[in-house]
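Note that the chains are named A, B, C, D and E in the order they appear, and that numbering of residues resets to 1 at the start of each chain.
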């Protein structure tokens, strides 16, 4: 299963070199869906799950349940984002870069070799930066620079760590390195170097300096995948590389990381209550959610791994819906600022859909947001009840920013303009909502398939 | 005379050459200083060759003289070209090439 | 599986209505919604027979979260079945009433969807077999209250009230969630029966984290049940449509806390239960005092709800589960009567809410007045209406647990309750109207539910007290005749005093109003809430935004500036001076020479 | 004092003095002339070192045509162009002198501490030295000779390119 | 002259005689600029082919000229690069009515000098090669019509270059005084005489100048900017390759045996200074060539890291790095040759993306490659360097290099993004030079191909051993 997941979007990217014009978008959507279906089949039908590290191309590419879940999400989000990329300038270039981004993101989830992982990890930046810069909004110049330099600095430290570790151990293979014995001190040092990249890309509080501007300036579908799946590569890196490779180091670092993540969870939510436009709101609420996911990712227990998967998929779906809705709102009001008010009367379906997305975002039971949040917190309480309690406060703050946004946008006197959602817009959103409910009501569909992997993770942790 | 005395003479001449190169700002004066440095090298070669009693050092000195002549030719061509365009040979004059 | 249907009917109706959109038609929507709740009621009723042979009915529907015990699973015993019947029955009537009340509303679809979801969520609180599912209901109840309070989105006050209700509710949710997770960490399961089993086996939860967990659960209960100090949302919540208030206060939301205390009784730390009782007692008295001074018809009822639920807390905290349940049900009946009645009044009097400007409606709205009278008597705890019996049960429980202090509180509360109940009824229905207006009785679809509820409120207490109608396990503490007499005397005194004071209208009772009006601001708790919660919250958020976040951004800019500055500095070397370049060249050579000469050996 | 020592003392002294003069004087013409003196005195030193052929080449090539060319150019581009004193630019004289002095100090230390290995070799007699030199040039150092030839050719072509460029410039401007 | 002599010198001779031939033909009948450039390219490529075809074997001229893997690889690289430069320069020479035959000949002479340096096994030959490399470049650097700074740059380059040659030569003299010979083989057998050490230090200084390592780099920005772009490419690649090949040989000669020397400290210091200063200097540049000049200085620093870490064993690493660097630099400068303005600022690139998307795509590949972003070959090259450094216990240099790469991203990215700025009204549409575009595209493909499949080039680089 791994190879075609890389090849399909690559073909789409290459096809964009041909004069296919208007076909580029459907092709990209199709590419995403095929990958999602393929990964889902692999995930649930069991090939690729049967052995935790299923070798496909030699020992460098492979998928397990964790990456399978992430690959499904990758396919879904890239299809969604492509579907939402209507009316872009130079569509062929856009979708070529878009599909290349999909290749690199999928590659990160498939790499079983540190160097290959880094190659995909760093290559991700290229299409991402170009998409942000060339198709971005007003602040794209500064935002892109900041994003690229910030993340590259993190990656630079990561690369140092990779080289030092690989040279010392004589191999770059992740499964092989997992069995490599390191002293506690060097585990801490390597974990810190590796985490530099992951903490920036996640972003873990307080390394989120690039985030607000990048989310605001990136074209909407790019912001969608940036938050929905690119950030998950960092989660994946923490959970699948740092923890198995440096169990002792991560265990020593966990209190500090958990504290940062807990603070970041609250911090993001508190700042979200101050935002006056949808992009800012999504940016900081994402910061909050991603820190919460990061909190679980550093723990390294079976429960935490399950929580991370559910919460990651959930956040990906929810943030996709939020970004799509933000775009739809902006197209109706003309700006992403949300002090317009009274839209509910003119666009009841839009109001309903937005309310549902917010409800999922703030973690009301039944939606995937709750499942992820609950599992993350449950795994955190086992070792860090104090930090868990602090993070639990986010329930309150999330309510504040959620209803504040809904009130500002939909309540009040009737708005002058704004049509209700079109059929096409609903068609993009409804599948996401269905998935949000499915994950919210049956998160075991995701976690059951990763039992093997998490068991192995736990073993390594001991 | 001990060979070291000649070597010291060479070192002194070489250092004087570098002094000219770093101190002077006239292109011709700098060229002259470079020639001085090359000659300092030749003293060293010849003195060492005498110490060893072979002729390799002298042969190398011939090559150095030839190379120095070639350098002077090219250098002077560049200097003349520059002098023709710009009424100064001061290499430290406000330059477009900076930063 | 019948048990599952109890929840499934309203849930399915909610989904159906939400998906169907406007295609269903306004009236059909209401009928479907009501029908679903009636079906749920019927399903619950059909289990009564089964209940006679089995102590518990369980239904495991499927797995949910990958945590021990966190499945879709329901359980019911006879006590909770009684509560279920109350909830579904009262909600169904409210739903029917809503059809009439919202006959001209544009948003009936989302109203009825939320209403059905609300009922389903409340049923989850009552029936969930584990804490995760219970919490799901707990949160959904908060969400639905938000949606319903803010139903009329054009009104700014409704929006503000909805936000406040949701946020305060979420304060409780956060605490509740913390409590659940602490329990899960200690017990390794979320199944209520298993938790209770372990808790009973090892004595009560005495260890520190479990005391904390119990306290957190209590905070959750306080918020949901609008008890001090988390009651601030309830008076505001009256901004929603009146049936919504009835739903929140009578049938569903506010009783959630009481239900929780009852269901978790064996697992909660004794000190925390004690605290619940004391808080309940104080809340009951304080809210009653505040209710005395209210001029807004619906706010009187809101504060009275806080007060009455406080009494339930006293009972539940003391362990008098039966008394608490008895009062819960009886309160549900009479408070629904009162609120729906008040809705009819408001409807009739063209949205006039000031009781000082109403009056004399008794003759024009006979049905409503009659029902309201029953409710008033129940609120005043006068026989033979149900409120008398349930109040008496609470007093008896306080006595039985030898809590003279709480007994005193309860008795004083009942005196004041009787006083303002009389005030309310007299001013609205009896006293001479200050403003003449054309009023008429509400439509049949609104009157019938009120009548049914009033009838229930009238006979329920007697039926239960005489043992004819079972409401689950346990039984009332045997009230000594002295207590019955004293409480009756106190209620009667309060009621008479109120009647006499206000029988000629508000103007004539001005001296009394001077005194009670001072209490109307709720002891300034609202202000305290703003100063200690809302303002610090916004201040912290603002400080983080302008302080920490700015600093974070500036730090990056600073780093960039530092690199730029060093770039400028370095580039000054390349100033175009050839002699400087020569110095670098020769200097570099000298450095290499020196190093190789002296260091490299 | 042997003849060699005498030559070294006198010629060396002249050599250093004129070199210093060449380096330190502001007028490039003076520098050029002083350098000629240095080159000539170096030829004398080569004589003292037993390298008469080299001394001849030094005079015939270096001190002769090269210096004539140099002086010619100096006069062509303006002998009077005396270096202006440094105005408005950072003073670097101190640093310059420091670098040169440091260089000499390090080199002196190197030379005084170092040893020139004494090799036992048969000293060729003065008579067959020229022949031996020729043998070396066309034997061992044949490649060097060829490369030097190419180098001179390249220098020639380079000069031509500059000249052609000048003429094309003139056409353009004229 | 023996066969071994002939085989050893064949590529150099081919280049030199090719140059003479072109001048001669040009004298007899006017050779057009395109024709002379094509002829020159054939000669250069021929020299590369000869080098590979002859292959490694016995040294020539009494071991003065080596014919080992090092020589073959680097001579082939020099020949190929020179051919590419000549192709890029084909349309260039005519633009200013320069004598095309002579200019091509000068480029070939400089390539001959570089090839000689890369295979020199004797300090004198090294010096002569260096002069043969430099003298033509001094003149070519000044071929900027009607721009004074062309001459200025040439003069700066000449004066500094002559001083540096003198330094190298003085080092040779000291080594001769210490060992009585000038061959590298002789160097290895020496003892730790202070004259010997001082001589090596000065030789290192002289070669560091050609390689443009800080603080011997100051000529590079000025000369690169004032030279015509193809000549700049020649300076940036050929001179650097030759200098590093020579340095590798010197290090190899002195790293074994009882008198083995430790080059690590001085090379590491040079590398660190180079990377930091060059990247910082490049940051604020608006002129693209100057920016690329600093970039090439910085890359010299990365090569020096490998040399510092692995010494003579760094051969394969630096060979790989230099080959990749050659492709990247030729490509980047190649794109510039296709612009109307010879010394463009970032603003002059505005609108290029719309007019010449292929060119900008290729430029993107080169710039990402120079930054070291995967999947370009630039990443693999840097990875090998860092790996070598890590093996050599120079983790601090790895850290420095990696972080400097981040800083370098800032300026490379600016160049690329400048191409996407909205076009200015007065910008002239760049002409279409098919051959130049082809070279650029080929370079881009090479960069990507090597990045994805580094195997073949790595195998070739592994032959760079002694």
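Keep this in mind: contacts are C-beta pairs under 8 Å (C-beta built on N, C-alpha and C of every residue); 3 or more make two chains touch, one makes a residue touch a chain.
Source: prediction; values computed, not measured.
Listed by label, the chains touching chain C and chain D alike are B, E. Taking the mean of each chain's C-alpha atoms, the chain whose centre lies closest to the overall C-alpha mean is A. When every pair of chains is scored by its C-beta contact pairs, the maximum goes to B-D.
Averaging Cα atoms per chain gives one point for each, and the point farthest from that of chain C is the centre of D. Spacing of chain D relative to chain E, judged by their CA centroids, is 30 angstrom.
Between chain B and chain D, the centres computed from C-alpha atoms are 5 Å apart.
Between chain B and chain E the centroid-to-centroid distance comes to 26 Å (mean Cα coordinates, whole Å). Chain centres here are Cα averages; for chain B and chain C they lie 96 Å apart.
Each of the following residues of chain B touches two or more other chains: 3, 7, 14, 17-18, 21-25, 30-31, 47-49, 51-52, 54, 56, 63, 67, 70-71, 74, 77-79, 81, 91-92, 95-97, 99. In chain A, the positions touching at least two other chains are 149. With touch defined as above, residues shared between interfaces to two or more other chains in chain D number as follows: 89, 92, 95-96, 99-100, 103, 106-107, 109-111, 113, 116-117, 119, 140-141, 144, 148, 151, 154-155, 158-159, 162, 165.
Checking each pair of chains for touch leaves A-C, A-E, B-C, B-D, B-E, C-D, C-E, D-E. On the side of chain B, the complex with chain D involves touching residues 1, 3-9, 11-20, 22-26, 28-29, 31-33, 35-36, 39, 42-43, 46-56, 58-59, 61-63, 65-74, 76-81, 83-84, 88-90, 92. The touching residues of chain B, counted against chain E in their complex, run 3, 7, 10, 14, 17-18, 21, 27, 30-31, 34, 37-38, 40-41, 44-45, 47-49, 51-52, 54, 56-57, 60, 63-64, 67, 70-71, 74-75, 77-79, 81-82, 85-86, 91, 95-97, 99. Contact residues of chain C toward chain D in the complex are 577, 579-580, 583, 586-587, 589-590, 593-594, 597. For chain E in complex with chain C, the touching residues are 155-156, 159-160, 163-164, 167, 192, 194, 197-198, 200-202, 204-205, 208-209, 215-216, 218-219, 221-222, 261-262, 265-266, 277, 280-281, 283-284, 407. Listed in rising order, the residues of chain E touching chain D in the complex are 1, 5, 9, 16, 19-20, 23, 61-62, 64-65, 96-99, 102-103, 105-106, 109, 112, 116, 124-125, 128-129, 131-132, 135-136, 138-140, 142-143, 145-146, 174, 177-180, 193-198.
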